[in-house]
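The following blocks contain the structures, represented as structure tokens.
Presented sequentially are two complexes of subunit A, the first with subunit B as partner and the second with subunit C.
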Partner chain A sequence: MALYVQAIVNGFLVGGVYSLMALGLSLIFGVMRVINFAHGDMMVWGMYLSYWLFVTAGVDPYLSILVTGSAIFLLGAAVQKGLVNRILDAPHEMQILLMLGVALVLENLALMVWGPDPRRVSTTYALSTFWLGPIVFDLPKVATFGLALALALGLYLFLKKTDLGRMIRAASDNQIGALLVGTDILKVFTLAFGIGAACVGAAGSLMTPFLPFSPSTGLFFTITSFNIVIIGGMGSFLGAFVGGLLVGVSESLGAVILVPSLKEIVSFILLVLILLFRPQGLLGGSR
Partner chain B sequence: MASRGKRVGVDRRTVLKGMGAVGAAGVLGFPAVLRGQIREIKIGSIQPMTGPLAAIGKSTRQGNQLAVDHINGGGGIKSMGGAKLTLVPGDTQYKPEVARAETERLMGEGAHVLVGAFDSGTINAMIQAIKQATKPIPLMIDIGAADQLTQQGSKYVFRSFVTTQTLGRKGIEYMLEMFKISGVTPKRAVLLHVTDLFGQVQKDRTLEWHKKLNAPFEFVEIIAYPTTTQDLSTEVAKAKAAKPDLLLAVTRLNDAILLVQEMYKQRVEVQAIMGPGNPGFYHPNFSKTLGKLAEYTLDNVPWYNPKSALTQKVAADYEKRFGEQLTTDSAWSYQGVMVVADILERAGSTDPDKFVEAARKTNIKEHVTSGGNIQFSENGDNIGASTAMIQIRDGRARVVLPKEIAETQLVYPVPKLWERG
Partner chain C sequence: MLRVSGLQTFYGDMQALHGVTLEVREGEVVSIIGSNGAGKTTTLMTISGVLRPRRGQIEFDGRRIDSLKPAEIVEAGLGHVPEGRQLFPSMTLEENLTMGACTRRARAARTQTLERVYHLFPRLRERRHQVAGTLSGGEQQMVAIGRGLMSCPRLLMLDEPSLGLSPMLVTAIFDIIQEINRGGATILLVEQNVFRALKLSHRGYILENGQIVAEGSSQQLLRDPQVRTAYLGL
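After this line comes the complex of A and B, so read on.
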């Protein structure tokens, strides 16, 4: 029994970061209708920045999210302004090719700059845990979960309460309408891609205290985010959030109930079921 | 036709080229022989340079390169008029389909021999490409253990590395010896393994020899997980629930780090963490990244022979050239190219069939790795190849068994992960 509770706890804690990643992807898709296949690689760059700040200046990764978030925001905005804006009207497969290209460039740049060796941010608390009865809680994972939740809430409030946020939502809901009321749509796109990228960059930093990483780490997270967003509902805020937790917990439980080598199958089966019976996603509205 | 057109206009370049050729013939005196001679032998080095095994690909490529440099520095292949070796790089990306395409590309570009490629699954794809080629060339597997690689009926495939049969047998043999030395015998073991081709085969061989040699412990849980895993907390929770005395693991590098971190966090108490054949535990980055937590980890691995003078020279040159310690991966890939050079020297030709013929007569006494003389069996396996049991001590992997090449005393059972200050 303790094993199942433990699995659910682990799944939840991992799921929180999944949610933050997926929120970024969902935001970008919701506004531009472009799938950011470089999502995981942007995250890896967030991780390397945190690592670099930690080893050169001793900045704690939980603090450096401010820097990495901003840096990856700029990266995302630059990708949008320089590349994606040019092919907004192109067919989906061309957009996918472009984003895969960006992913390859980012991964191999990381390989050039940092080399292939896995890195780990060895903070003093990296291996700290606390116990509630027989259940172990990984301290950095709990902290990461909390911060990811806080960032997600911040993003939610930003989108709901501020003018910029309203502009982004307007562009997402009805582009022509937004144009008609005088929204500078290209500016909104740049901003939205930047924020989406910042989310995943920050998620990257948040994971460095417990996850060793290398340039090839990105692909797994791109696929996971994509999977979550489809399960939760493309472009749905709450969907991405709930989807992240759901995938985290189902993978973890799958590893206990089935065998761990099948744990990824669980989330993909979930994906297939969703596509079959609820193609708009768990919380996606019909479009 | 084209040549006639060229001959019409004799320009400065043609004259210079002609002068060069006459000059060369004049110096060496035997233009007829010279024309038949090859000046450059292309060794295709196919390694996982990008993707999840990139860190290892770097070591293996460096090993290949150092051997090429040593051969060329010593005057090249003398039986072929001092022909120089050139390393032609290829990258598997740890993907079978890419490995296959790279093999075809290098064959097309005129490579004479291939070496590679660390991961058994990708090597398998390379062998298929060689088997289907109209002009197949020899492959020397410098690292790659899965038994079936050399059992596919291709005479061009050789392996200077050990097989999983040997790895499986030696792993259990060393364990039995360790229990005897320490007087402590575990009852319950958990085996965690990654599910790529190597991980699967290594698990099977471990279980097979565990039974054949009547090992005194039983496997209470076998946990398989995918190569892409970024979190092992649940796997470790499952292992802990099985209450093991001994934890055996077949991992790659990243998951090896994750595994030990999780065992520390979840306070899993075992007599030792041991690899029955594990490419993650002996990697320098494992101990560099984990520090004290990596200490005392045991691993049964194809190792280099720390006592051999040749190894010491290679290690010194390696460190000078690349600024890193010689790893066992680089030692075995160094050796792969050295064996190829030895065969070419005796074949006196780059003809694939002559290579095969000469390879069968190989008998190398002085080499850098664990095990006896390098000789090839009927299906191309190195009969002499063997392993050593190493233990991480003071941040470095040290040989504890076999006794002939041991560098330090075995510590078993090991101190608890969380009581190491």
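After this line comes the complex of A and C, so read on.
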């Protein structure tokens, strides 16, 4: 019993950062209707950037999210401005091919620069834990959860309370309407992709204290992000958030119930069930 | 104030406008009348810069606007209440209105304009925190008009604002349009309610198959036998 409770707690903690990552994908899809196939690869570049800052300058990964968030923001904004904005009128398959291309370039660039071997950011607190009753908490996972939650909340407030945030939501609600009231839609697109990418870049850094990674890690997280967004409901903020926690918990339970290498199975079963019985996702509207 | 000449707009290879020419003078209410598919919406969308004309010119206050972006056209003082309202359904009523004041000029006056809109539509104030997608059709149309006013337009284009509303609401909407005009804004109105539209307007244009086929003062058009049979069913 304690074993399962422990697994749920661990999964929940990791799920927080999954939520942040999926929020980025959901935002990009919600506004541009573009699926960011390079999502996981953008995350991996955030991880390498944190790794590099850690080994060369001793910068703590919880601090370097500022750098990685900004850098991956620029990467995402550049992809939108330089590539996606140019083919908005092209058939939809073009966007898919384009984004797959970006994913391949980013992954292979990582392979060239960093090689195929896994890296880890070995902080002094990597193995620190504390107990609450019978449950053990990993300090890095708690810190990561807290920061991911804070960033997700920050994103929520930005979207709800600021003029720019409102413009992003308006563009995702109704593009013609947004054009007619006078929003510069291409700028809004660039900003939205940048923010979505910054989320996943920061999420990458936040995971480095407990997760070894290599260039091939990207694909796994792209798939996990999809999975979460579909389970939670395409384009729904709350959906991506809840979906992240749910997938975190189900992976963690999967590792205990089955074997660790099959941990994703549980979340894929969840995905199939959602697709069968509630295809719009847990919190998705009918839109 | 607004001068459109020889406008030709295409959807892919399909030509929707075959040289539309019309003019709106400061302070006027001008109607565009035409049957389904005549090209009324296409004309307004081209003026707003959402669609690009292949040929022709659009001048606003003596300045060419046919290659400007929609945002720049709004900034210049041309507002558009589109067909089908095109609201932001997941945002609150007040957020929808606020979005109407996107341009620099409008943002500065946002609080006052919002007050003005609530004064014009008291019902909207009561529902300001309600999500727009859950409002009734009439309320949504009021939000669409209010959002159009939020940009402080000097010329407001309205595309079928009374479509699908109850007779009482139709009357209310026409009254509001008159009030907006009296408040100083020039109006370009597209309506399928031809009789009421012409009653309200100074002048009108008849659009058929992407071309203006008749124009004149509202009285002239209301008396015109062809207009009476084709559009008034008399």
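One rule holds for everything that comes next: the second predicted complex is superposed on the first by the 279 of 287 C-alpha atoms of A that agree within 3 Å, B and C clash if a C-alpha of one lies under 4 Å from a C-alpha of the other, contacts with A are read in each partner's own complex, and residues count from 1 in each chain.
Following the convention adopted for this analysis, contacts are C-beta pairs under 8 Å (C-beta built on N, C-alpha and C of every residue); 3 or more make two chains touch, one makes a residue touch a chain.
Not measured: the values here are computed from a predicted model.
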| item | value |
| --- | --- |
| First, second, both or neither for A:252, with subunit B first and subunit C second | first |
| Touched partner set for A:174, first subunit B, second subunit C, both or neither | second |
| Partner chain(s) touched by A:115 [first = subunit B, second = subunit C, both, neither] | first |
| Touch count on subunit A, higher of subunit B and subunit C | B |
| Partner chain(s) touched by A:212 [first = subunit B, second = subunit C, both, neither] | first |
| Contact set on subunit B toward subunit A in their complex | 49-52, 54-55, 57-58, 195, 223-226, 228-231, 233-235, 237-238, 241, 253-254, 257-258, 261, 264-267, 285, 289, 291, 293 |
| Interface residues, subunit A side, partner subunit C - complex | 163, 166-167, 169-170, 173-174, 176-184, 285 |
| Of all residues in subunit A, those that touch subunit B in their complex | 2-3, 6-7, 10-11, 14, 107-108, 111, 115-120, 122, 126-127, 129, 136, 138, 210-212, 214-217, 220-221, 252, 255-256, 259-261, 263-264 |
| Complex contact set, residues of subunit C against subunit A | 48, 50, 69-71, 73-75, 80, 82, 85-91, 95, 98-100, 102-103, 106-107, 147, 150-151 |
